[in-house]
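Structure in C-alpha coordinates, see below.
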(Lines give C-alpha, C1' and ligand atoms only; values in the text may rest on other atoms or scores of the structure.)
Protein backbone atom coordinates (compact mmCIF):
# COMPACT_ATOMS: atom_id res chain seq x y z
CA UNK A 1 0.00 0.00 0.00
CA UNK A 2 1.05 3.57 -0.37
CA UNK A 3 -0.27 6.96 0.68
CA UNK A 4 -1.86 9.34 -1.81
CA UNK A 5 -3.97 12.49 -2.06
CA UNK A 6 -7.17 12.51 -4.12
CA UNK A 7 -6.77 15.33 -6.65
CA UNK A 8 -9.52 14.80 -9.21
CA UNK A 9 -11.55 12.33 -11.20
CA UNK A 10 -11.75 10.90 -14.70
CA UNK A 11 -14.89 10.78 -16.83
CA UNK A 12 -15.00 7.81 -19.21
CA UNK A 13 -18.15 6.81 -21.09
CA UNK A 14 -16.65 4.06 -23.22
CA UNK A 15 -15.00 1.61 -20.84
CA UNK A 16 -14.72 -2.02 -19.78
CA UNK A 17 -18.06 -3.33 -18.39
CA UNK A 18 -16.42 -4.11 -15.03
CA UNK A 19 -15.69 -0.39 -14.51
CA UNK A 20 -19.25 0.83 -15.17
CA UNK A 21 -20.71 2.56 -12.11
CA UNK A 22 -17.35 2.92 -10.39
CA UNK A 23 -15.85 6.25 -9.42
CA UNK A 24 -12.45 6.74 -11.08
CA UNK A 25 -10.36 9.06 -8.93
CA UNK A 26 -7.01 10.62 -9.86
CA UNK A 27 -4.64 10.10 -6.92
CA UNK A 28 -1.21 11.67 -6.37
CA UNK A 29 1.13 9.41 -4.36
CA UNK A 30 2.72 11.18 -1.35
CA UNK A 31 5.40 10.48 1.23
CA UNK A 32 4.90 10.66 5.01
CA UNK A 33 5.49 14.45 4.88
CA UNK A 34 2.60 14.84 2.44
CA UNK A 35 4.92 15.70 -0.47
CA UNK A 36 4.15 14.46 -3.99
CA UNK A 37 6.19 11.47 -5.18
CA UNK A 38 6.18 9.61 -8.51
CA UNK A 39 3.15 10.18 -10.78
CA UNK A 40 -0.63 10.21 -10.63
CA UNK A 41 -2.60 6.95 -10.82
CA UNK A 42 -6.31 6.35 -11.41
CA UNK A 43 -7.99 4.36 -8.62
CA UNK A 44 -11.53 3.11 -8.05
CA UNK A 45 -13.07 4.25 -4.79
CA UNK A 46 -15.10 2.01 -2.51
CA UNK A 47 -14.71 3.95 0.76
CA UNK A 48 -16.23 7.29 -0.26
CA UNK A 49 -13.07 9.41 -0.46
CA UNK A 50 -13.43 13.04 -1.50
CA UNK A 51 -11.10 15.36 -3.36
CA UNK A 52 -8.31 16.65 -1.06
CA UNK A 53 -8.42 13.67 1.28
CA UNK A 54 -5.41 11.47 2.08
CA UNK A 55 -5.99 7.82 1.26
CA UNK A 56 -4.44 4.35 1.17
CA UNK A 57 -3.97 2.76 -2.26
CA UNK A 58 -3.53 -0.91 -3.18
CA UNK A 59 -2.29 -2.08 -6.56
CA UNK A 60 -2.64 -5.35 -8.47
CA UNK A 61 -4.92 -8.27 -7.69
CA UNK A 62 -5.69 -6.96 -4.19
CA UNK A 63 -7.41 -4.00 -5.82
CA UNK A 64 -10.06 -6.27 -7.26
CA UNK A 65 -11.06 -7.53 -3.81
CA UNK A 66 -11.88 -3.94 -2.84
CA UNK A 67 -14.75 -3.88 -5.30
CA UNK A 68 -16.86 -6.26 -3.21
CA UNK A 69 -19.78 -7.68 -5.18
CA UNK A 70 -18.05 -7.53 -8.54
CA UNK A 71 -15.55 -10.22 -7.48
CA UNK A 72 -12.31 -11.17 -9.18
CA UNK A 73 -13.58 -12.74 -12.40
CA UNK A 74 -13.89 -10.37 -15.33
CA UNK A 75 -12.78 -7.41 -13.22
CA UNK A 76 -10.00 -5.40 -14.86
CA UNK A 77 -9.32 -3.08 -11.92
CA UNK A 78 -5.69 -2.93 -10.70
CA UNK A 79 -5.77 0.12 -8.38
CA UNK A 80 -8.18 0.91 -5.51
CA UNK A 81 -8.62 3.37 -2.67
CA UNK A 82 -8.99 1.10 0.39
CA UNK A 83 -8.87 3.57 3.30
CA UNK A 84 -9.10 7.21 4.29
CA UNK A 85 -6.09 8.33 6.35
CA UNK A 86 -7.09 10.13 9.57
CA UNK A 87 -3.51 10.83 10.66
CA UNK A 88 0.12 9.70 10.53
CA UNK A 89 1.89 8.74 13.78
CA UNK A 90 5.70 9.11 13.81
CA UNK B 1 -4.72 2.27 -13.63
CA UNK B 2 -2.92 5.13 -15.23
CA UNK B 3 -3.63 7.64 -17.96
CA UNK B 4 -1.98 7.42 -21.37
CA UNK B 5 -2.18 8.74 -24.92
CA UNK B 6 -2.38 6.33 -27.86
CA UNK B 7 0.55 7.20 -30.14
CA UNK B 8 0.86 4.31 -32.58
CA UNK B 9 0.63 0.58 -33.10
CA UNK B 10 2.90 -2.42 -33.45
CA UNK B 11 2.74 -4.96 -36.27
CA UNK B 12 3.81 -8.47 -35.24
CA UNK B 13 3.22 -11.51 -37.45
CA UNK B 14 5.05 -14.07 -35.32
CA UNK B 15 3.49 -13.91 -31.87
CA UNK B 16 1.90 -15.91 -29.06
CA UNK B 17 -1.42 -17.49 -30.20
CA UNK B 18 -3.32 -15.58 -27.47
CA UNK B 19 -2.36 -12.26 -29.13
CA UNK B 20 -3.57 -13.17 -32.65
CA UNK B 21 -6.35 -10.86 -33.81
CA UNK B 22 -5.68 -8.28 -31.08
CA UNK B 23 -4.76 -4.68 -31.80
CA UNK B 24 -1.40 -3.84 -30.19
CA UNK B 25 -1.30 -0.11 -29.48
CA UNK B 26 1.73 1.91 -28.35
CA UNK B 27 0.64 4.09 -25.44
CA UNK B 28 2.56 6.94 -23.79
CA UNK B 29 1.74 7.32 -20.07
CA UNK B 30 0.74 10.88 -19.11
CA UNK B 31 0.06 12.86 -15.94
CA UNK B 32 -3.14 14.83 -15.22
CA UNK B 33 -1.72 17.77 -17.21
CA UNK B 34 -1.36 15.57 -20.29
CA UNK B 35 2.45 15.59 -20.08
CA UNK B 36 4.45 12.47 -20.97
CA UNK B 37 5.77 10.46 -18.00
CA UNK B 38 7.90 7.30 -17.90
CA UNK B 39 8.12 5.27 -21.14
CA UNK B 40 5.85 3.81 -23.81
CA UNK B 41 4.04 0.51 -23.22
CA UNK B 42 2.24 -1.78 -25.67
CA UNK B 43 -1.40 -2.44 -24.76
CA UNK B 44 -4.18 -4.50 -26.32
CA UNK B 45 -7.31 -2.53 -27.12
CA UNK B 46 -10.84 -3.78 -26.44
CA UNK B 47 -12.67 -0.43 -26.35
CA UNK B 48 -11.88 0.85 -29.84
CA UNK B 49 -9.38 3.62 -28.97
CA UNK B 50 -7.85 5.57 -31.84
CA UNK B 51 -4.47 7.24 -32.20
CA UNK B 52 -4.35 10.56 -30.32
CA UNK B 53 -7.02 9.58 -27.78
CA UNK B 54 -6.50 9.62 -24.01
CA UNK B 55 -7.12 6.25 -22.40
CA UNK B 56 -7.05 4.28 -19.14
CA UNK B 57 -4.50 1.45 -18.89
CA UNK B 58 -4.46 -1.56 -16.57
CA UNK B 59 -1.42 -3.74 -16.00
CA UNK B 60 -0.95 -7.32 -14.81
CA UNK B 61 -3.60 -9.99 -14.36
CA UNK B 62 -6.45 -7.45 -14.63
CA UNK B 63 -5.39 -6.85 -18.24
CA UNK B 64 -6.36 -10.39 -19.16
CA UNK B 65 -9.95 -9.87 -18.00
CA UNK B 66 -10.24 -7.03 -20.53
CA UNK B 67 -9.93 -9.49 -23.39
CA UNK B 68 -13.39 -10.95 -22.78
CA UNK B 69 -13.90 -14.28 -24.56
CA UNK B 70 -10.25 -15.26 -24.50
CA UNK B 71 -10.33 -15.68 -20.71
CA UNK B 72 -7.41 -15.94 -18.33
CA UNK B 73 -5.99 -19.36 -19.24
CA UNK B 74 -3.26 -19.32 -21.85
CA UNK B 75 -3.52 -15.54 -22.24
CA UNK B 76 -0.15 -13.81 -22.03
CA UNK B 77 -1.47 -10.24 -22.07
CA UNK B 78 -0.33 -7.98 -19.21
CA UNK B 79 -1.42 -4.51 -20.43
CA UNK B 80 -4.82 -3.39 -21.75
CA UNK B 81 -6.66 -0.22 -22.71
CA UNK B 82 -9.85 -0.40 -20.61
CA UNK B 83 -11.43 3.02 -21.16
CA UNK B 84 -11.40 6.16 -23.28
CA UNK B 85 -11.03 9.33 -21.18
CA UNK B 86 -13.66 11.97 -22.01
CA UNK B 87 -12.29 14.54 -19.56
CA UNK B 88 -10.42 15.12 -16.29
CA UNK B 89 -12.20 16.88 -13.39
CA UNK B 90 -9.97 18.75 -10.91
CA UNK C 1 11.47 -8.99 -0.63
CA UNK C 2 13.26 -5.86 0.35
CA UNK C 3 14.66 -4.37 3.55
CA UNK C 4 12.95 -1.45 5.29
CA UNK C 5 12.87 0.49 8.55
CA UNK C 6 9.59 0.97 10.42
CA UNK C 7 9.16 4.73 10.84
CA UNK C 8 5.56 5.26 11.90
CA UNK C 9 1.97 4.16 11.52
CA UNK C 10 -1.21 5.26 9.81
CA UNK C 11 -4.58 5.69 11.53
CA UNK C 12 -7.55 4.97 9.26
CA UNK C 13 -11.09 4.61 10.61
CA UNK C 14 -12.89 4.30 7.29
CA UNK C 15 -11.27 1.42 5.41
CA UNK C 16 -11.84 -1.85 3.58
CA UNK C 17 -13.29 -4.54 5.92
CA UNK C 18 -10.27 -6.79 5.28
CA UNK C 19 -7.96 -4.20 6.87
CA UNK C 20 -9.94 -3.80 10.12
CA UNK C 21 -7.88 -4.80 13.16
CA UNK C 22 -4.62 -4.76 11.25
CA UNK C 23 -1.68 -2.53 12.17
CA UNK C 24 -0.75 -0.28 9.25
CA UNK C 25 2.93 0.63 9.53
CA UNK C 26 4.81 3.21 7.47
CA UNK C 27 8.04 1.60 6.27
CA UNK C 28 11.03 3.29 4.60
CA UNK C 29 12.86 0.96 2.18
CA UNK C 30 16.63 0.79 2.85
CA UNK C 31 19.72 -0.67 1.16
CA UNK C 32 22.21 -3.05 2.84
CA UNK C 33 23.99 -0.01 4.37
CA UNK C 34 20.75 1.07 6.10
CA UNK C 35 20.36 4.12 3.83
CA UNK C 36 16.91 5.22 2.65
CA UNK C 37 15.99 4.27 -0.93
CA UNK C 38 12.85 4.99 -2.97
CA UNK C 39 9.75 6.07 -1.00
CA UNK C 40 7.72 5.03 2.03
CA UNK C 41 5.13 2.25 1.75
CA UNK C 42 2.35 1.21 4.14
CA UNK C 43 2.56 -2.42 5.26
CA UNK C 44 0.46 -4.60 7.55
CA UNK C 45 2.38 -6.19 10.40
CA UNK C 46 1.93 -9.79 11.50
CA UNK C 47 5.29 -10.32 13.25
CA UNK C 48 5.07 -7.60 15.92
CA UNK C 49 7.58 -5.13 14.52
CA UNK C 50 8.12 -1.88 16.43
CA UNK C 51 9.07 1.60 15.26
CA UNK C 52 12.81 1.83 14.50
CA UNK C 53 13.19 -1.87 13.72
CA UNK C 54 14.59 -3.23 10.43
CA UNK C 55 12.17 -5.56 8.67
CA UNK C 56 11.58 -7.66 5.55
CA UNK C 57 8.73 -6.56 3.26
CA UNK C 58 6.82 -8.58 0.66
CA UNK C 59 4.64 -7.00 -2.02
CA UNK C 60 1.74 -8.31 -4.11
CA UNK C 61 -0.20 -11.52 -3.64
CA UNK C 62 2.40 -12.96 -1.23
CA UNK C 63 1.47 -10.18 1.21
CA UNK C 64 -2.00 -11.64 1.62
CA UNK C 65 -0.61 -14.98 2.80
CA UNK C 66 1.08 -13.15 5.68
CA UNK C 67 -2.28 -12.29 7.18
CA UNK C 68 -2.95 -15.90 8.23
CA UNK C 69 -6.60 -16.47 9.12
CA UNK C 70 -7.97 -13.83 6.80
CA UNK C 71 -6.89 -15.82 3.73
CA UNK C 72 -6.64 -14.62 0.16
CA UNK C 73 -10.32 -14.09 -0.72
CA UNK C 74 -11.60 -10.58 -0.16
CA UNK C 75 -8.25 -9.44 1.23
CA UNK C 76 -7.02 -6.21 -0.37
CA UNK C 77 -3.59 -6.18 1.26
CA UNK C 78 -0.59 -5.91 -1.12
CA UNK C 79 2.28 -5.14 1.32
CA UNK C 80 3.27 -6.97 4.54
CA UNK C 81 6.05 -7.04 7.09
CA UNK C 82 7.10 -10.73 7.14
CA UNK C 83 10.24 -10.70 9.27
CA UNK C 84 12.32 -8.68 11.72
CA UNK C 85 15.97 -8.39 10.62
CA UNK C 86 18.44 -9.33 13.36
CA UNK C 87 21.53 -8.59 11.30
CA UNK C 88 23.03 -8.42 7.81
CA UNK C 89 25.96 -10.71 6.91
CA UNK C 90 28.29 -9.48 4.14
CA UNK D 1 3.84 -5.31 -22.67
CA UNK D 2 6.84 -3.34 -23.67
CA UNK D 3 9.22 -3.26 -26.63
CA UNK D 4 12.77 -4.58 -26.38
CA UNK D 5 15.76 -5.61 -28.44
CA UNK D 6 17.33 -9.05 -28.00
CA UNK D 7 21.01 -8.43 -27.18
CA UNK D 8 22.37 -11.75 -25.92
CA UNK D 9 21.70 -14.87 -23.91
CA UNK D 10 22.47 -16.33 -20.51
CA UNK D 11 23.94 -19.78 -19.92
CA UNK D 12 22.85 -21.37 -16.64
CA UNK D 13 23.47 -25.04 -15.86
CA UNK D 14 22.21 -25.03 -12.28
CA UNK D 15 18.63 -23.70 -12.39
CA UNK D 16 15.04 -24.32 -11.42
CA UNK D 17 13.63 -27.46 -13.13
CA UNK D 18 10.92 -25.36 -14.83
CA UNK D 19 13.60 -23.41 -16.75
CA UNK D 20 15.43 -26.46 -18.13
CA UNK D 21 15.36 -26.53 -21.93
CA UNK D 22 14.26 -22.89 -22.22
CA UNK D 23 16.26 -20.24 -24.04
CA UNK D 24 17.13 -17.39 -21.67
CA UNK D 25 17.58 -14.22 -23.72
CA UNK D 26 18.93 -10.88 -22.46
CA UNK D 27 16.58 -8.15 -23.70
CA UNK D 28 17.13 -4.38 -23.61
CA UNK D 29 13.84 -2.43 -23.25
CA UNK D 30 13.43 0.30 -25.90
CA UNK D 31 11.07 3.18 -26.64
CA UNK D 32 9.19 3.70 -29.92
CA UNK D 33 12.31 5.38 -31.39
CA UNK D 34 14.37 2.25 -30.71
CA UNK D 35 16.37 3.94 -27.94
CA UNK D 36 17.40 1.99 -24.83
CA UNK D 37 15.32 2.65 -21.69
CA UNK D 38 15.65 1.24 -18.17
CA UNK D 39 17.77 -1.90 -17.75
CA UNK D 40 18.20 -5.35 -19.29
CA UNK D 41 15.87 -8.20 -18.32
CA UNK D 42 16.18 -11.94 -18.93
CA UNK D 43 13.24 -13.44 -20.84
CA UNK D 44 12.35 -16.93 -22.03
CA UNK D 45 11.70 -17.19 -25.76
CA UNK D 46 8.87 -19.20 -27.27
CA UNK D 47 8.61 -17.43 -30.64
CA UNK D 48 12.11 -18.04 -31.99
CA UNK D 49 13.54 -14.53 -31.65
CA UNK D 50 17.17 -13.99 -32.69
CA UNK D 51 19.80 -11.57 -31.43
CA UNK D 52 19.22 -8.07 -32.83
CA UNK D 53 15.48 -8.51 -33.33
CA UNK D 54 12.83 -6.24 -31.80
CA UNK D 55 10.36 -8.10 -29.61
CA UNK D 56 7.34 -7.77 -27.32
CA UNK D 57 7.88 -8.67 -23.66
CA UNK D 58 5.31 -9.63 -21.01
CA UNK D 59 6.05 -9.68 -17.30
CA UNK D 60 4.45 -11.48 -14.36
CA UNK D 61 1.92 -14.30 -14.44
CA UNK D 62 1.16 -13.74 -18.15
CA UNK D 63 4.74 -14.80 -18.90
CA UNK D 64 4.01 -18.30 -17.66
CA UNK D 65 1.19 -18.77 -20.19
CA UNK D 66 3.73 -18.17 -22.97
CA UNK D 67 5.53 -21.39 -22.09
CA UNK D 68 2.71 -23.56 -23.45
CA UNK D 69 2.93 -27.16 -22.26
CA UNK D 70 4.71 -26.36 -19.02
CA UNK D 71 1.60 -24.65 -17.65
CA UNK D 72 1.34 -22.36 -14.66
CA UNK D 73 1.98 -24.80 -11.79
CA UNK D 74 5.60 -25.04 -10.69
CA UNK D 75 6.72 -22.60 -13.37
CA UNK D 76 8.92 -19.83 -11.98
CA UNK D 77 9.10 -17.76 -15.18
CA UNK D 78 8.09 -14.08 -14.87
CA UNK D 79 9.31 -12.64 -18.20
CA UNK D 80 8.70 -13.91 -21.76
CA UNK D 81 9.22 -12.85 -25.35
CA UNK D 82 5.71 -13.16 -26.86
CA UNK D 83 6.11 -11.57 -30.30
CA UNK D 84 8.61 -10.40 -32.90
CA UNK D 85 7.99 -6.79 -33.96
CA UNK D 86 7.82 -6.36 -37.76
CA UNK D 87 7.33 -2.60 -37.63
CA UNK D 88 5.99 0.37 -35.62
CA UNK D 89 3.17 2.47 -37.10
CA UNK D 90 2.96 6.10 -35.90
CA UNK E 1 13.83 -12.29 -14.64
CA UNK E 2 16.84 -10.14 -14.06
CA UNK E 3 20.51 -10.68 -13.35
CA UNK E 4 21.99 -10.06 -9.89
CA UNK E 5 25.07 -10.70 -7.76
CA UNK E 6 24.73 -12.35 -4.35
CA UNK E 7 26.34 -9.96 -1.86
CA UNK E 8 25.26 -11.15 1.58
CA UNK E 9 22.52 -12.65 3.67
CA UNK E 10 19.95 -11.58 6.23
CA UNK E 11 19.43 -13.20 9.63
CA UNK E 12 15.83 -13.06 10.86
CA UNK E 13 14.64 -15.07 13.85
CA UNK E 14 11.12 -13.68 14.07
CA UNK E 15 9.53 -14.21 10.65
CA UNK E 16 6.56 -15.62 8.78
CA UNK E 17 6.30 -19.43 9.18
CA UNK E 18 6.62 -19.92 5.41
CA UNK E 19 10.14 -18.42 5.51
CA UNK E 20 11.48 -20.65 8.29
CA UNK E 21 14.42 -22.78 7.09
CA UNK E 22 14.93 -20.72 3.95
CA UNK E 23 18.16 -18.92 3.13
CA UNK E 24 17.54 -15.18 2.70
CA UNK E 25 20.19 -13.77 0.40
CA UNK E 26 20.85 -10.08 -0.33
CA UNK E 27 21.16 -9.69 -4.10
CA UNK E 28 22.35 -6.64 -6.05
CA UNK E 29 20.72 -6.36 -9.51
CA UNK E 30 23.26 -5.94 -12.34
CA UNK E 31 23.22 -5.18 -16.06
CA UNK E 32 24.85 -7.33 -18.76
CA UNK E 33 28.20 -5.61 -18.04
CA UNK E 34 28.03 -6.72 -14.39
CA UNK E 35 27.44 -3.16 -13.15
CA UNK E 36 25.10 -2.49 -10.22
CA UNK E 37 21.62 -1.17 -11.14
CA UNK E 38 18.70 -0.18 -8.93
CA UNK E 39 18.79 -1.41 -5.30
CA UNK E 40 19.35 -4.60 -3.33
CA UNK E 41 16.55 -7.13 -2.89
CA UNK E 42 16.24 -10.09 -0.51
CA UNK E 43 15.68 -13.42 -2.29
CA UNK E 44 15.22 -17.00 -1.10
CA UNK E 45 17.69 -19.46 -2.56
CA UNK E 46 16.76 -22.92 -3.80
CA UNK E 47 19.69 -23.54 -6.15
CA UNK E 48 22.58 -23.26 -3.69
CA UNK E 49 24.03 -19.92 -4.77
CA UNK E 50 27.05 -18.59 -2.85
CA UNK E 51 28.16 -15.05 -2.09
CA UNK E 52 29.82 -13.45 -5.13
CA UNK E 53 27.98 -15.59 -7.68
CA UNK E 54 25.86 -14.17 -10.51
CA UNK E 55 22.27 -15.40 -10.43
CA UNK E 56 18.84 -15.15 -12.07
CA UNK E 57 16.05 -13.63 -9.98
CA UNK E 58 12.28 -13.97 -10.38
CA UNK E 59 9.78 -11.69 -8.66
CA UNK E 60 6.11 -12.11 -7.76
CA UNK E 61 4.03 -15.26 -7.82
CA UNK E 62 6.64 -17.14 -9.88
CA UNK E 63 8.99 -16.86 -6.89
CA UNK E 64 6.70 -19.08 -4.84
CA UNK E 65 6.98 -21.93 -7.34
CA UNK E 66 10.73 -21.94 -6.77
CA UNK E 67 10.25 -23.11 -3.21
CA UNK E 68 9.14 -26.61 -4.28
CA UNK E 69 7.44 -28.50 -1.45
CA UNK E 70 6.10 -25.44 0.30
CA UNK E 71 3.72 -24.72 -2.60
CA UNK E 72 1.81 -21.53 -3.26
CA UNK E 73 -0.69 -21.53 -0.37
CA UNK E 74 0.44 -19.65 2.72
CA UNK E 75 3.79 -18.83 1.13
CA UNK E 76 4.67 -15.12 1.42
CA UNK E 77 7.80 -15.25 -0.76
CA UNK E 78 7.91 -12.79 -3.69
CA UNK E 79 11.59 -13.02 -4.76
CA UNK E 80 13.70 -16.12 -5.52
CA UNK E 81 17.07 -17.07 -6.94
CA UNK E 82 16.18 -19.54 -9.72
CA UNK E 83 19.51 -20.06 -11.50
CA UNK E 84 23.26 -19.58 -11.27
CA UNK E 85 24.66 -17.74 -14.31
CA UNK E 86 27.64 -19.53 -15.88
CA UNK E 87 28.22 -16.89 -18.55
CA UNK E 88 26.65 -14.20 -20.74
CA UNK E 89 26.74 -14.59 -24.54
CA UNK E 90 26.62 -11.37 -26.57
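As written, the chain order gives the labels A, B, C, D and E, with residue 1 at the start of each chain.
Everything below uses one rule, namely that a contact is a pair of C-beta atoms (placed from the backbone, for glycine too) under 8 Å apart; a residue touches a chain by one contact, two chains touch by 3 or more.
Remember, it's a predicted structure, so these values are computed and weren't measured experimentally.
Shared contact partners of subunit B and subunit C are A. Common partners of subunit C and subunit E, by the touch rule above, are absent.
A rotation of 145 degrees, rounded to a multiple of 5, brings the CA atoms of subunit C into register with those of subunit D.
In terms of their C-alpha centroids, the spacing between subunit A and subunit C amounts to 19 Å. For the pair subunit A and subunit D, the distance between mean C-alpha positions equals 31 Å. The set of subunit A residues that touch two or more partner chains comprises 60-61, 63.
In ring order, beginning at subunit A and turning toward subunit B, the chains are A, B, D, E, C.
Note for the complex: subunit D touches subunit B at residues 1-3, 29, 31-32, 37-38, 46-48, 56, 58-63, 65-66, 80, 82-90.
Those residues of subunit A whose C-beta lies close enough to touch subunit B in the complex are 7-16, 18-19, 24, 26, 39-43, 51, 60-61, 63-64, 73-79.
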